[in-house]
Amino acid sequence: MKKIKGFWLFLVLSIIVYGTVQVLINAGILNNFYSNTLIFISINIILAVSLHLVIGITGQFSIGHAGFLAVGAYISAIVTMKLSLPFPIAILAGGLIAALAGLVVGIPTLRLRGDYLAIATLGFAEIIRIVFLNIDAVGGAAGMQVTKMTTWTYTFICLFITIAVITNFTKSRHGRACISIRENEIAADAMGINTTYYKVVAFAIGSFFAGIAGGLYAHNFYIIQPSQFGFLKSFDILIFVVLGGLGSLSGAVISAILLTVVSTFLQGYPETRMIIYSLVLVLVMLYRPQGLMGTREITDLFKRKSVKGGS
Amino acid sequence: MLKVDGIDVFYGNIHALKGVSIEVLEGEIVTLIGANGAGKSTLLKTLSGLLKPKNGTILYENMSIAGKQAQTIVKSGISHVPEGRRVFANMTVEENLELGAFVRKDKEIQKDIQKVYDLFPRLYERRKQLSGTLSGGEQQMLAMGRAIMARPKLLLLDEPSMGLAPIMVKTIFSIIEEINKTNGTTILLVEQNAHMALSVAKRGYVIETGRVVLTGSAQDLQSSDEIKSAYLGG
Amino acid sequence: MEWVQQIVNGISLGSIYALIALGYTMVYGIIKLINFAHGEVFMIGAFVGFYSIAGWGFGFFPALLLAMTVCAIMGMVIERVAYRRLRNATRIAALITAIGISLFIQYLVIYFRGAQPEAYPNVLSNKTFDFFGAQISSQSVMILSTSIVLMLLLQFIVHKTKVGKAMRAVSHDMDAARLMGINVNTTISATFAIGSSLAGAAGVFFGVYYTKIEPLMGVIPGLKAFVAAVLGGIGIIPGAMVGGLVLGLVETVVSAFGYSLWRDAAAFIILILILLFKPSGIFGKNAREKV
Amino acid sequence: MTEQPLLQVKEAGIQFGGLKAVSGLNIEINRGELVGLIGPNGAGKTTSFNLLTGVYVPTEGEILLEGERLNGMAPYQVTRRGISRTFQNIRLFNELSVLDNVKVANHSKAKHSIVSSVLRLPSHFSGEKEMEEKSLELLEIFQLHKLKDEVAKNLPYGQQRRLEIARALAAGPKLLLLDEPAAGMNPQETHELMNLIAFIREKFDLTILLIEHDMNLVMGICERIYVLDHGQLIAEGLPEDIRNNPKVIEAYLGEEVPKDA
Amino acid sequence: GCGGESAGGGSKDDVIKIGANLELSGPVASYGQGIAEGIDLAVEEINEAGGIDGKDIKIVKVDNKSDGPEATNAAIKLTENDQVTAIIGSATSGNTVAQAQVANGAETILLSPSGTSPNVTINEDGSLNEFVFRTSFIDPFQGTVAANFAAGDLGVKNVAIFADNASDYAKGLAASFKETFEGAGGKVVAEESYVAKDTDFRSTLTRIKSANPEFIFIPGYYEEVGLIVKQAREMGIDVPLMGADGWDSPKLVELAGADALNNTFITNHYSSGDPDEKIQSFVKKFGEKYDGKSPDAFNALGYDSVYLLKDAMERAGDTSDASKIKDALAETKDLSLVTGIVTVDEDHNPIKSATVLEYKDGEQVFKSKVNP
């Protein structure tokens, strides 16, 4: 019962957050800049949380997440701009095709381990980018112009669904199966977990939400170009996840918010921006190598400390 | 030769050794026995410099070695055969032995390798094999041989019989006695197999949850009722 | 004739990759860290060479030595400051730190001198030989032979010398290495020094051969070298050499067929294919965890 | 016809490169038996377990469980058909709680789908509840229920070994394989373990095959023993016979084990 | 001087706030930084000379990391929070397009120094972005000039094109070159591309060489072109090579080497070797401000962008009303700038004359002047 209550609490909180922001936007208190920053933050949270499922939960070291972002962005842009279909369909299509791409990439590569998996996923993301670079119908290097359709409402709904789905997935036997792969793949296999299946499922779900983020992204920034989806973008997403604490969903959320804000704030200090940003990154890792949250969740802070066993 | 006085060792917040004091005399075999997690390995790691004690003193040949770097301690004559053998799997048997003599600069290294081969003829047969592919017992021999290569005065052995077939256990223990007799090497031996350990040792310490709870000659310990019920399965 | 020329082109390109990959693989082999800052050390090497030639009038070899020295020190400093604390942390934490360091170096250089490129002075005369109708430049021959020599040297150091044995011991088990009396910190520093000085040398060669250097020049070659190292089996010295050459040849052949825009994609496809059949690279031992 | 044996291994073997780690292995185990597998270090005992559980695919021979051929099945498939195991070097899910460790092994017994979990349908709640109840029951038997929320890596060694066995049982095996369960335990702890093994065997109606170097344990509880050396069976029989078998003495025991062990 | 005002309306009267939304970090940081240097020099000059209408210009510089979304974000920040009158930026067409709608929506001038793609000012549906302008040419013109030069002055028949595929600038030039050249009866025997930031072009050059062209058109930026020219000459390709304003930088001579550059041509807005007083004084002042560096095309375009705005503000008689300034910008006529004499056409593109220059021993030598 406790768990069900938690879910309702989450729902109510979400509606409050959404409503407040919407009212502030309507009242003109939050200007375009702030509302747009909120959208950008939310997109980054979706990306971070979706990668968290792959790296933090399932323990599969993927550093090519921007590839799926690209797929979602391009597919959804094609759906609205070329096929003139409604935006929600575009978002969904972006997610589904990205999930499909996740399957295509995941099935062969997920048997690789550690750094070899990392470089293979990075390679696939680059291949995806180069494919878009070479398709003239989507503008090649010059990119594709996209009308702005992303609103706070759409963004928030997607964000809500992402977090709800990934949380629910994680806190079920399926999520535990994924965690057991992260902890010890050989033992997971020996306990009857179809490790390949769950790795691929986690990868596909992660890709799906990255694709969703791509749809929002494409329709928020007027233009998409292959150069926006290079490996540095993948690193940015990876950094959210690791900095937040591998395995902690709330950590991923917090660090996506924090880093987006820091980075936006630093826009005005062009000369030292990247120097400060990289220093922040290095210092956090040096002094908190487990990430901001470690493996804990923000909700743990409200629970009573779990009983310590032993002695 | 070795005098440990009231050392405390922590892993983060875990207080693993609480004021442990022991003493080892030159030429002795001394054994440490105790349940899982009692802190035996922790004590050996502290002696060889892998861990630093928070307080307390460790005197080795009247020189304080507490908190010194492992490589310094090895040079002064203490060799540690760690729990789980820890041979360098991607190197050959012979390279492992050469590494054992890493701190030495003299010309007799080759001669000593020969001596190890005499002690463990099996290693001679396998000298070109990658040590990761050796059987458990062979790896244990290699780990001991590698430690001997440093020409230690004090040898720290952590559960040398763990996971070995009965026949191997016997071999290993007879080699321990032989090293002690022929080279005069002092040995501090940690064992689960208290029965065997007490049969080769002169004296023993019993450690429980980070404290020394009992000490005495091997015979006394062997006949103590507490020991019998807890560690000898009697 | 075109094909002889293309193979020559591929080998020249590949030997640059190999040169950078050697240092990469060396560091990886010992501490299992993907040192993303390696590309930046390479860039610093190129700039040190540039300033010492253009600014102080050094010749090629003094400049090369200076760049190698500076990079060796830099590598040791990076290790000391940024990586040592993380030795027992997760590898991904170390990876993020490496990415951070790499950004830091890039933008520090941009901060001090701007992002505009610099043209390397002509310090090494370049003759072009005719080889079965193909043009071979003396510089590319030099780069290839340097990387072969360095590969052999590294292989010798790692497998035959005492410090090399210490390196291998450290790579396998740091605590056990300590128990042999090996100073782990010194050994790792030495590894970074050697690996980074190779990157520095590669930077100077790159500058001489391609002329253009700029603060972000390390990013792509760094990534390519990493790919080359993985291709050959990361941590394996001859693997880095072969991986670099294979990568260079693949890219060249793809361009030669007129698909230059697909060049990087093809390189990655080859990489993935090789990994699917040999999950730990061409020379990698298939070290599945023993159960 | 007599009843079909639970496990039949027929002429099974595997090669690594040139090395024949196991060859011509023949084992038959009937329902309810408790059988030992012993042999010198590197004889191929663990490798045999790996063959049985699908970690390695045999290069020769075949393995049948209740008449069904297991060759080529992935480990999880083998587990679902009824063989589960513990590992020589403990392999728990370190960051997971004790309870979750067991729940993971319960996984394939539950039915609720990903969709029902994501949408939090009633079947999710009932499924999870059932998993939790079953797991707690098991933990209670192993006296680990008080520690259910503790993270596995924080358990003392002996409890980790017990948890591993509990976890293996949660997968609902017909045949349980134990790889050196007493390694690193002192005689007192080993004794307790022996009692535990005997108990769960009765309670869950299990068939057990175990590897162990501790002769007190092996001779104490095994009904039959197989002896491997250099990848081949060199003896098979009752503990009495094995104890006195000269080949076994030479290769493994070193000398006769005193009867009163 | 400028007071200590912060964001907001009140201060609008004493300084003219102009945003600079540039690629100051990320892959094409060198372009953005080049523009920024030009802007800074111009602003310094103008403010020293008393500003515009007695008001100083204040530049609010924002880094967009060479990334579209960041550029959008930065533009929103500049319009909403800083309330700038105009934005100069960005260096690439894509990042300019990423802010075009923001500027239009917020009624703020957006002036791209070097975004050459047609759809910077014109949307895909053909409508005009009212508030968006640019300082550089659009691509087709230079391509046409180069093609006519090759077919006419050089009289070559078989040519190759080797274009930077990562920039619409180069692709646009390649397309218009091809169209005009083939229209003049010539033949394109090889069409190859590279991607900005490549360093090794030998394999593609080998391919081009084996097609035996008499001339190679290489639209792109000097960073790569320098290497292409050098490598081409090393491989024994000695036919004439030609490019456009993207080549124009003293670095080109250093990168390629003076020898290799012989027998190469470019079309350009201006020539830094042009004795024109305006140009010479720019080159000199630039050198003084940036320790002896000589300016490249990005520097010049950044510099000119500020003067283009200044001219429009003065003619509009208002430094804060963007819609008046916009009208004035659209009416710009025969304004003499460093990069040429500019008239803005109905698509908000500058019409400038182009110059054809030849490299002789590292020096640009005037060849001919072509009017649009």
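Points worth noting:
For reference, chains read A, B, C, D and E in written order, and residue numbers begin at 1 within each chain.
In this text, contacts are C-beta pairs under 8 Å (C-beta built on N, C-alpha and C of every residue); 3 or more make two chains touch, one makes a residue touch a chain.
Composition by chain, UniProt nomenclature: A, C = Branched-chain amino acid ABC transporter permease; B, D = ABC transporter ATP-binding protein.
Quick caveat, the model's predicted, so the values are computed rather than measured.
Touch-path distance (fewest steps) from subunit D to subunit E is 2. Under the contact definition, subunit B and subunit E share the contacting chains C.
Taking the mean of C-alpha positions as each chain's centre, the chain lying farthest from the centre of subunit A is B. Remark: among chain pairs A-D and B-D, A-D carries the greater number of C-beta contacts. One inter-chain figure worth recording: subunit B and subunit C are separated by 42 Å, centre to centre, where each centre is the mean of the chain's CA atoms. For this pair, subunit A with subunit B, the centres built from the Cα atoms lie 51 Å apart. Chain geometry summary: the mean Cα position of subunit A and that of subunit E are 37 Å apart.
The geometric centre of subunit A is 32 Å away from that of subunit C, both derived from CA atoms.
Shared interface positions of subunit E, i.e. residues touching 2 or more other chains, are given as 25, 27, 165, 195. Residues of subunit D in contact with two or more other chains: 55, 87, 156.
Of all residues in subunit A, those touching 2 or more other chains are 133, 186, 271, 273-274, listed in ascending order.
Within the complex formed with subunit C, the residues of subunit A that make contact are 55, 61, 108-109, 111-116, 118-120, 123-124, 126-127, 130-131, 133-134, 186, 231, 235, 238-239, 242-243, 246, 271-275, 277-279, 281-282, 285-286, 289-291. Those residues of subunit C that touch subunit A in the shared complex are 34, 82, 85-86, 89-97, 99-101, 103-104, 106-108, 110-111, 223, 226-227, 230, 234, 261-262, 264-265, 268-269, 271-272, 275-276, 279-281, 289, 291.
For subunit E in complex with subunit A, the touching residues are 22, 24-27, 60-64, 66-70, 72-74, 76-77, 79-81, 93-94, 97-102, 106, 117, 119, 123-124, 165-168, 171, 195. By the touch criterion given at the top, residues 38-42, 88, 156-158, 180, 183-191, 213, 215-216, 251-255, 257 of subunit D touch subunit B in their complex. Here subunit C touches subunit E in the complex through residues 1-2, 5-6, 9-10, 12-13, 107, 110, 114-119, 122, 126, 128, 135, 137, 210-212, 214-216, 220-221, 251-253, 255-256, 258, 260-261, going by the rule given at the top.
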